[in-house]
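The same chain A turns up in both complexes below, where it pairs with chain B and then with chain C.
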Partner chain A sequence: MNRDRTLPILGAVMLVVVLAGPLLPQWALFLVTIAIAKGLVALGLMLLLRAGLVSFGQALYYCIGAYTAGSVGRFFNVGDMLVQMIAGAAVAALVAFILGFLLARYRGIFFGLLSLALSMILYGLLVKSEALGSTDGFNVLPSTVLGIRPSEAWVRYVVAAVGCGVALLATALVYRYLRTPLGQLAPAIKDNEIRVEYMGTSVRNAIHAMYVIAAALSGIGGALAATTVGHIDPDMAYWTTSGEFIFITILAGTGSVVAPFLGAAIFGIIHTVAFDLSPNTWQMSLGTALLLLIVFLPDGLWSLFTRRKAA
Partner chain B sequence: MRNFRKLATAVAAALALAPAAALAQDAAPVKIGIVTFLSGPAASPFGVPARNAAEVVTELLNAGKAPAPYATKGFGGAPIQTVIIDEAGSTTTQVTEYRNLVQRHNVDVVIGYVSSGNCLAIAPVAEELKKLTNFFDCGTARIFEDGSYKYVFRTSPTQTMDSVGAALYVHDAKPKLKSIAGLNQNYAWGQDSWGDFEASMKQLVPKVEVKTSQMPKLFAGQYNAEISTLLGAKADVIHSSFYDGDLEALLLQAAPRGLFKKSTGILSAGETVIHKLAAQIPDGTVIGARGPFGPYAPNNELNRWFSKEFRDRYQVPPTYPSYQMAQAILGVKAAWEKAQAANGGKRPSNEQVAAALEHLSFEGPGGTVKMANGKGHQSIMETAYGMSKVVGGKLTLTNIKRYPAEKVNPPDGVKGADWIASGFKK
Partner chain C sequence: MDQIPAVIVDGIFYAAWLFVAAVGMTLIYGVMKIVNLTHGSFYALGAYAAASLTGAWLAKGYPPMLSYGVLLGSAVLVSVIVAPLIERGILRFMYAKDEVVIMLITYALFLILEDTIKLIWGVDPYFIAEPYGLLGSFDVGDLSYPTYNLILVGIALAAGIGLTLLLRGTRIGKLLLTVIHDPEVSRAMGINVDRFYLVTFTFGSMLAAIGGAFTAPTVSVVPGLGVEIIVLSFAVVVIGGLGSLPGAALGAVIVGLVRSATIHYAPEVELFVIYFVMALVLAFRPRGLFSLAEPRKI
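Let's look at the complex of A and B:
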């Protein structure tokens, strides 16, 4: 596929969102921001998926990012979005760096279940901590940017625009990373690990690096979701949340760094339409959508674009 | 590309149709967003009975078939239209759907939320969007203890009242009590319920011995280990805020081992299962209904009307979530009509309705509701507890004691926990 145009396309889409933002209704801006937050997590999952690793516990870092953002506000009274996202990414990356020594040794189902177990441990700890509101969680401070608090009419737009900018930056970095030798190792690891080792590279280090990057992306996503929603609770670490991210990643496909954001946006739209049209059976609509996608677009939504080029 | 276009068209069409489907009726109806669990474990005990109550009450109000003072059709003559949303899913989902209700469906009022976590998440969003929002069921006292709101209300009492009422009842019914134990779910509701009950008991009986506090995880389903521990603890009373599925499992597992025969059980949310599990509840078990609801509802015209209409339609008696939903709708109706009258008969704004609901006192099927706490945004009500007695296969309640609202709720501006610690100082 033609990779060279990815960044300009992404930039153009983000620019459209930023320019069209003031015209969009607030509920749509909210959907877009949440899609960006979830897209960042799915982007991390996609990195791991390229190496054949499925993390069933990416919600761990999503939740760490969110709780870091919330704690920065709760304990240090800082509501700045940028500070929250940087802190969220840093804490998530640090935790991933430590856990990575353990996880980078596992593959396949063991990697998946171990990551699931770790996220459920965080869930359990948060549920038991009454100081952090237990299952009820707590409110995040209203978003500010560089010390300025946008008015209520503009806050949704500002959050969406800043989220867009940060996501663009993160995606560009990931795009660069994928073109480095380390980044290009992932499919090779998936195909044949032993061969990669014979090339003189450490598979474990490569996976460790990938794992930390994925965690940092999830941390940013969690922090963005926290400041957007304004409330955090332990359900963010629950396995169903991880499942949702895998759903988005499968929906999107691994064809491009843009795909996860598209997947997250489509997921958000399907979800909200299903909620609206069939309040009693929305789960069935969501399930049907995924089933149809797997049957007709086994490589995800992104294959719609690559097919066109092949034709 | 063709594929993509098809997909885009379908998505666009679905988005465009969604709000249109709910529109189109006669002169300016009042749109109410109703949010409650329609799926998941909380649907059958809370969500569905509440939705049923919303349906029956709004229909009767629209037909003008409610007794005084609610006989006016709809809200001040304007018909009510409801948009029902499932409360299942993460708080992110709920905040998204709340925004959709307000900004896409343009509802006038939102009534809903069972989960305390959702209530805490929605409250600041409601303020941001300036939309009158009434929480009908969630129990956490934190909403108005930690925050102050203009557009957010709760017409049902807090969990503090349930725990204090339970402690007062136990103290009255068993003056010689020496020890207590707890079995509560390990999440915010269970932790807060037990915390307030334990603190209240220590105030009422300073020398009370706390034998054990068991905290199994939510929806665990298996309680044999906890039952063994409680049997060994031999406490005089066992407090549990379990509800529905968990409560049924507990009662079924406890019955053969005689747990609640050896120690008196006090089930603060027990009312939701008394119709199903009469045989498994030993006589003398203390049953709560989170307020004067269900079997504790007063015998007044509103209650006779509501329980008869509900039973005729759904073949089961209404439980407390149904009462809470009915009173949430009636409270907003009372405020709406008061504001409309003050506005010269014209449709009131959200600000006017909110101002009218502040410190309002209105009648519901559970009796008088006073919006006395949280600067006029949090209701207080009397509460009642009683003991079970099975008569001819049906569970009846005996030895019912009622506690006035001011006796089981903290004064305005005082946190529940501080109030209990002060020895219930007024």
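Let's look at the complex of A and C:
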């Protein structure tokens, strides 16, 4: 068997981004950072998808991460993006830990619908909460890193570079997790839950763990997006945001931990190009792409690579 | 406590609207096992078709009293054109796929339809307020309500009772129940399952379009109209139990009353409360209030 070079490759790509960063225009850095943020959410969704679970409400944790990051700045006057990301992940994981007791009992369409309802509850709460800016949301403090505030010209680059580093670390941890017995349960759960239970493992606990990890990843992604965009609003929890994440995950496939980032980057490119060409039909392009993917590449873009290897 | 009559009347109107908008979704899920996100698109299509056709009707100076027929006609027209196109053209090739995958496919179709609507009707709002004011108003206690609201109550009752009678009392209804129970065996027995799917999808979508068409006079018809209705319909049909007719009715009444009560007593939590009820019901009865126990499959 070939040695798995996933992590070195991902590290190399991130290194290229970090090194090439100063040469990239501001908008490209912005796209890269947002792709990393969304890739982190998609990575979490991928973990769930491996077990056959599709969450139609992952925007819940994305939004929690973003609002935690924003609140840390608004109420404690902390603009450090590392603190924001850690706080975002922690709060998202905590909420997921509590909700997980409920959600781990559900499968298939009902798992999707319940997670959708939960994300819409957050949306409904945020829209009406004056302290958090209701429908308008509020601005996030300018990003700082370890107490240093980068100059206006460099801030995008610094955010992108730190984002790269955090994403690489998170991905490495997920990669390790997938090689533990707990991580390898997911496909087995998808295939046949009852047999997994007969072998003496708790499916519910495995799903609960997966759900918390996915939420923490989404929380980091949300915090990163918040500090990148500099503004947050309740639409981050709306079901169409969850739809975007699912799109990215399906686009990427479950073949590798790198896939979600690739998916997010391609999503960003489709989004930008389609929106640029004709702002009123970019959703149509997305929908068509999704439809074609499901029909012709049901295992996502990543299956292109693995298929070629097999042949 | 003097608000109680208002809460109940508002709740009934809202429930009627919800039922018309959502019952198609439960029908389609019940028969075809598809969680249909294009439902919101049909709602929007109905609203747009009604807005432009009724607008044209009134502009020509035809009798305004007949504009209600035009509202209904435009919803029927648009769904009879678009729904078979989607079902025959795309969905029927997907039935073998997993429930969740089909839901994603309808999500893709929803995105496509959403922009198709923008391409056809543009992004400017449409207004057709005339049918709304035409019927005058009636009083409940010292509150005055537009009589127009009663039309939706009528449609909701007609749809609910009509569907129940159809399922329980006719040959077609019994055949449909067979198809729901086991499509494969039904097919082996010579029932044209494909046709049932086509008709169910068209009819279910038509109900959404009718909901949209009769809402059009009360709102401004703008892009994104269908987005909210999808999750609202979800909430309604999931509370009652996906695929159950009485469930959808109960879900609509629960959500209608709860929402009108919150609007009157605690307007800040209005949006939140609907999904809270949905989550609460799912937490205790995962398959909704009107669901039957299902065996776990090994």
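Everything that follows uses one rule, which is that the second predicted complex is superposed on the first by the 308 of 311 C-alpha atoms of A that agree within 3 Å, B and C clash if a C-alpha of one lies under 4 Å from a C-alpha of the other, contacts with A are read in each partner's own complex, and residues count from 1 in each chain.
Here is the rule we use: a contact is a pair of C-beta atoms (placed from the backbone, for glycine too) under 8 Å apart; a residue touches a chain by one contact, two chains touch by 3 or more.
Here the structure is a predicted model, which is why all the values come from computation and not from measurement.
When both complexes are overlaid on chain A, chain B and chain C end up clashing with each other.
After overlaying the two complexes on the shared chain, residue contacts for A:Gly108 are found with chain C alone; chain B is out of touch. In the superposed model, A:Val127 makes contact with both chain B and chain C.
Residue contacts after overlaying the shared chain place A:Arg5 against neither chain B nor chain C. By the touch criterion defined above, A:Gln283 reaches both chain B and chain C.
Contact with chain C, but none with chain B, is seen for A:Leu291 once the two complexes are overlaid on the shared chain.
After overlaying the two complexes on the shared chain, residue contacts for A:Gly243 are found with chain C alone; chain B is out of touch.
Judged by the touch definition given at the top, the superposed model places A:Arg179 against neither chain B nor chain C.
Touching of chain A by both chain B and chain C, each in its own complex, is seen for residues 127-128, 280, 282-283. Per the touch definition, chain A reaches chain C in the complex via residues 54, 102, 105-106, 108-110, 112-114, 116-118, 120-121, 123-125, 127-128, 192, 194, 239-240, 243, 246, 250, 280-284, 286-288, 290-291, 294-295, 298.
Here chain A touches chain B in the complex through residues 25-27, 30-31, 34, 127-128, 130, 133-139, 142, 152, 155, 225, 229-233, 235-236, 241, 266, 268-273, 275-277, 279-280, 282-283, 297, 301, 304-305, 307-308, going by the rule given at the top. Here chain B touches chain A in the complex through residues 1, 3-4, 7, 11, 14-15, 17-19, 21, 38-39, 84-86, 90-93, 95-97, 99-100, 102-104, 116-117, 120-121, 123-125, 128, 140, 142, 147, 186-189, 191, 217-218, going by the rule given at the top. For chain C in complex with chain A, the residues that touch the partner chain are 35, 90, 93, 97, 99-101, 103-105, 107-112, 114-116, 118-119, 123, 227, 230-231, 234-235, 238, 242, 268-276, 278-279, 282-283, 286-287, 296, 298.
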